[in-house]
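There are two complexes below, and they share chain A, which is joined by chain B in the first and by chain C in the second.
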Partner chain A sequence: MKISDLSLVDLKQRLGTSGIYLRTGPFVTRLQSKIPSVVNNFARLYANNSLLENIGFVDFHVSLAAPHGLRRWYRPQVMFHFDDQVPFKPLPYQQAFPMMEWGLNWCISNHAHQYLILHSAVIEKNGFAAILPAPPGSGKSTLCAGLVSRGWRLLSDELGLITLENLDLVPLARPVNLKNQSIDVIKRFAPQAIFSPEFADTNKGTVALMQAPVSSVTRSNEFVKPACIIIPKYTSGAATHLEQESKGNMFMHVADSAFNYSLLGLTGFKTLVKLIDRCDCYTFTYSKLEEAIRTFDELATVNSITC
Partner chain B sequence: MRDDCLIVRAFSRPEIVASYNPCDWDVLIRQARRGDILARLYVVLQQCQLLTNVPESAHMHLISAWALAQKHERVLRWEVDRIQHALNETGIPVVLLKGAAYLMQDLPAARGRFYADIDIMVSKESLPVVERALLIHGWMTVKLDAYDQRYYRKWMHEIPPMRHRRRQTVIDVHHRILPETTRAQPDATKLFAASVPVDGNESLRTLAPVDMLLHSATHLFYEGELDHGLRDLLDLHELFVTFGEDENFWTKLQERAQELELTRPLYYAMRYTYGFLKTPIPLSSMRQVEAEGPNWLLRGVMDALYKRALVPSHPSCDVYLTSLARWLLYIRGHYLRMPLYLLIPHLIRKAFVKEKKNK
Partner chain C sequence: MSEQVRWRAISGFMLHWHKWGNEHIVYNAGSGDTHLFNDFAALILSSLQEEAAMVDELSQLCASSFKQDENDELHAQINELLLELDRLGVIERIH
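After this line comes the complex of A and B, so read on.
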């Protein structure tokens, strides 16, 4: 059963009481909230996700609620609850939905050390999977959103999960988080996609979320082996340019951007060595999204042939 | 005691987890996470070869917690190394307390344990030198107002916590095991005298087994905030099991408790490790300690309180009056540490300052 099979009234009723059990990739989250913007945006952006009837074990018990007391009326706020605990400071009430997204990312990056967790986007086409690690502001999410609206499969725009034994990439297929100028860029580039409203004045500026492609969501139990790692760099006016990166540099870059590389100790090191060994490594400079996607498509074609 | 609580049952009779259904696992993992004992649960299930009974999704959380525990262990070992390095020139021997001691002595109590701050003890005379050495090597006193500074320095058994400016790790430097203001005044020099070296290193030491156990018991049963109550009880359980293999241990423990005026915490430690975790404590020791225990009325009250408070503070562990029990133990913790004429102004001030900060 999918989220979209529920009527909005039904969804609202469930979210407001016992909660709904949402599957995203390997995780089951129980989500509760009475906040209308959470209900509405959730219905919109997670429409294609599987809904589970209570299956028993839940990975993350999450709820979003307004605090008690004065703050319900005066500059209203929202709090993220993880199993009745409050791991973060409250945010303005209007930011409830992005807070849910960040909170879910936090749940994974803090409690799923059975994976090496990279701060990166992961996408795949014809069995060719690319990891895009990059610091915020490098255009990683923009490129990722562009690619997945042109037939690439979205595994994640933020969290690259890699199994420690087999080096499988584990999909999450959750909405893509777009920031500032990239919101308009992607809206023009993929007008058919489904977006949340824009949330202004967050810690990350203005953000909006884009629904994950249906096919990515339905294939979110299909693991894939990584084939290459590409550091994207958006530079205004720059020519599209794919350049080989040394494995040493890439190792340091990925280690730096991983959430739990040092936590995993020797296991983390060994996993990363294997990952870098098997992947082609590039830096990719771009300014035009269409051209960027053409380069990625060529890369996927070449690699699918050699496979 | 508390056989209604999944986490207590899982530790006292691990084989019972074979009968847990996915909903039970859901609750169990959350209780263990709240009590900071998820990795300890992993260790116990592994030792009892019960991991095959764990549903795949719950297993992942145990693995994840185990990875985190290993990280904690690495960090703590490095921290101990850095402290030794910092104090090396002073020549002052340092006694590791609690978690750091269990780890450096390779005790089973350290397996799958999470560590927050690192606790050490040095003699009172050496405090200024130690504090200066730590300062030079990057530990800074955590920002406190003048009142808190004075409170620590005058009444407490430790100086204000120090945080390393780069690693952000916190060290608590003690010079005794209870505040200067408690009725029981275990003599710190006796503890130093009996302390044992770590791996033959005379300047890095831990308390001797009996003292280690008594300190652990004292710490838990003088404590007012029991967020880690079950974890500390599990520590005690492991210490009883490990040290109890030496048959002289129990008599020595008894005698030492009397000598240090710590029979009461030992009584509670035995009563509740046995009550919660079925710790194998010889009947004769139990009887002797019971003679030192409180009267039947107080015993009833304490049982009622600890039954409620020695489990993780997760809603699924709460029973009728749990929050009242926790509150009363909080007050008791303070009352044991300070006479009323100090305590009342202190609590009033704390309440007042908190109000102010919240505003």
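After this line comes the complex of A and C, so read on.
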């Protein structure tokens, strides 16, 4: 059963009472909220995700609610609850949906240590999977949104999950988080995509979320081996340029971008060595999205022959 | 720095190595830190993992390994490197 199989009335009723059990990639989240913007945006952006009726183990118990007291009326706020704890300070009420997204990312990056978790986008085409590790502001999510709008599969735009045993990339197809100018860029580039409203004045600037492609969500059980690690960098006016990066430098960059490399200790080191060993490593500079996608398509075509 | 100081790597089982070409990644299981070294630093550190040494001995080793003259400049480079490796916590002075 999918989220879209529920009417908005049913979804609102369930979210506001016992909660719904949502599958995203390998995780099951119990989500509760009575906040209308959470209900409406959730219905829109998670329409294709699986809704579980026969509940087994739940990874994360999450709810979003307004705090009690005056803050319900004066500059209203929203709080993120995880297992009945409140891990963050409240945010303005109108930021409830992005807070849910950031909170879900936090749940995974702070608890799913059965994986090496990289701060990266992960995309795949014809069996050729690329990891894009990059800090905020590098154009990673813009490039990722552009690629998945042109036939690449979205595994994640934020959290690269890698199994420790055999280096499988685990899909986690959730909405793509776009910020500031990249929102208009992607709305023009992929007008057919489904977007949330824009949320202004967040601590990341203005943000909007783009629904994950249906095909990516339905292939959430298909793991893939990584073939390539590419550090993307958007530079205004720059020519499209893919350049080989040394494995040593890439190791240090990826270790730095991982959420739990240090926590995993020697296992993290050994896993990352194997990952870098098997992947081609590049840096990628771009300013024109169409050209960037052409470069990725060529890379996928060349490598799909050998994959 | 006294030329008579002897250096050794921290307890050997703590350092884990991987090499790609002339890049050496070293993971220190004691501190959880990871370092990227070139051939020069890797030679010094791996030598100090095998046995303690003074600057003179390390200078001879480097001169012979990299086929260069053993001179004051090389001594200075090694001294500087030893201080850096000490700061990183992968070697220690014995006396």
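Criterion: the second predicted complex is superposed on the first by the 306 of 307 C-alpha atoms of A that agree within 3 Å, B and C clash if a C-alpha of one lies under 4 Å from a C-alpha of the other, contacts with A are read in each partner's own complex, and residues count from 1 in each chain.
To be clear about the criterion, a residue touches a chain if its C-beta (ideal position, glycine included) is under 8 Å from a C-beta of that chain, and two chains touch if they have at least 3 such contacts.
Here the structure is a predicted model, which is why all the values come from computation and not from measurement.
S.K.: For the combined arrangement obtained by superposing on chain A, do chain B and chain C clash, or do they fit?
M.R.: fit
S.K.: Would you sort A:H111 into first (chain B), second (chain C), both or neither based on which partner it touches?
M.R.: Once the two structures are laid over each other on A, A:H111 reaches chain B alone.
S.K.: Under the stated touch criterion, which partner chain does A:V214 make contact with: chain B (first), chain C (second), both, or neither?
M.R.: neither
S.K.: Looking at A:S262, would you say it contacts chain B, chain C, both, or neither? Reply first, second, both or neither.
M.R.: Touch partners of A:S262: chain B and chain C.
S.K.: I'd like to know which partner A:N249 touches here: chain B for first, chain C for second, both or neither.
M.R.: Second partner only.
S.K.: Looking at A:V273, would you say it contacts chain B, chain C, both, or neither? Reply first, second, both or neither.
M.R.: In the superposition, A:V273 contacts chain C only.
S.K.: Treating the CA centre of chain A as the corner point, state the angle out to chain B and chain C, nearest 10°.
M.R.: Superposed on A, the angle at chain A reads 60 degrees.
S.K.: Once the two complexes are aligned on chain A, which partner has more residues of chain A within touching range, chain B or chain C?
M.R.: Tallying touched residues of chain A, the top partner is B.
S.K.: Upon superposition of the two complexes, what minimum C-alpha distance (Å) separates chain B from chain C?
M.R.: In this superposition, no C-alpha atom of chain B lies closer than 7 Å to one of chain C.
S.K.: Kindly list the residues of chain A that each of chain B and chain C touches, one partner per complex.
M.R.: Correct list for chain A: 262, 265.
S.K.: Quick check: in the complex, which residue numbers of chain B touch chain A?
M.R.: Of all residues in chain B, those touching chain A are 21-23, 25-26, 29-30, 33-34, 55, 57-58, 60-61, 63-65, 67-68, 70-71, 74, 314-315.
S.K.: Per the contact definition, I'd like the list of chain A residues that touch chain C in the complex.
M.R.: Contacts found on chain A: 246-249, 251-252, 255, 261-262, 265-266, 269-270, 273, 276.
S.K.: Which part of chain A faces chain B closely enough to touch in the complex?
M.R.: Listed in rising order, the residues of chain A that touch chain B are 26, 28, 55-59, 61, 83-85, 111-114, 260, 262-265, 267.
S.K.: Going by the contact rule set out above, which residues of chain C touch chain A in the complex?
M.R.: Within the complex, chain C contacts chain A at residues 16, 18, 20-21, 23-25, 27, 29, 32, 34, 36.
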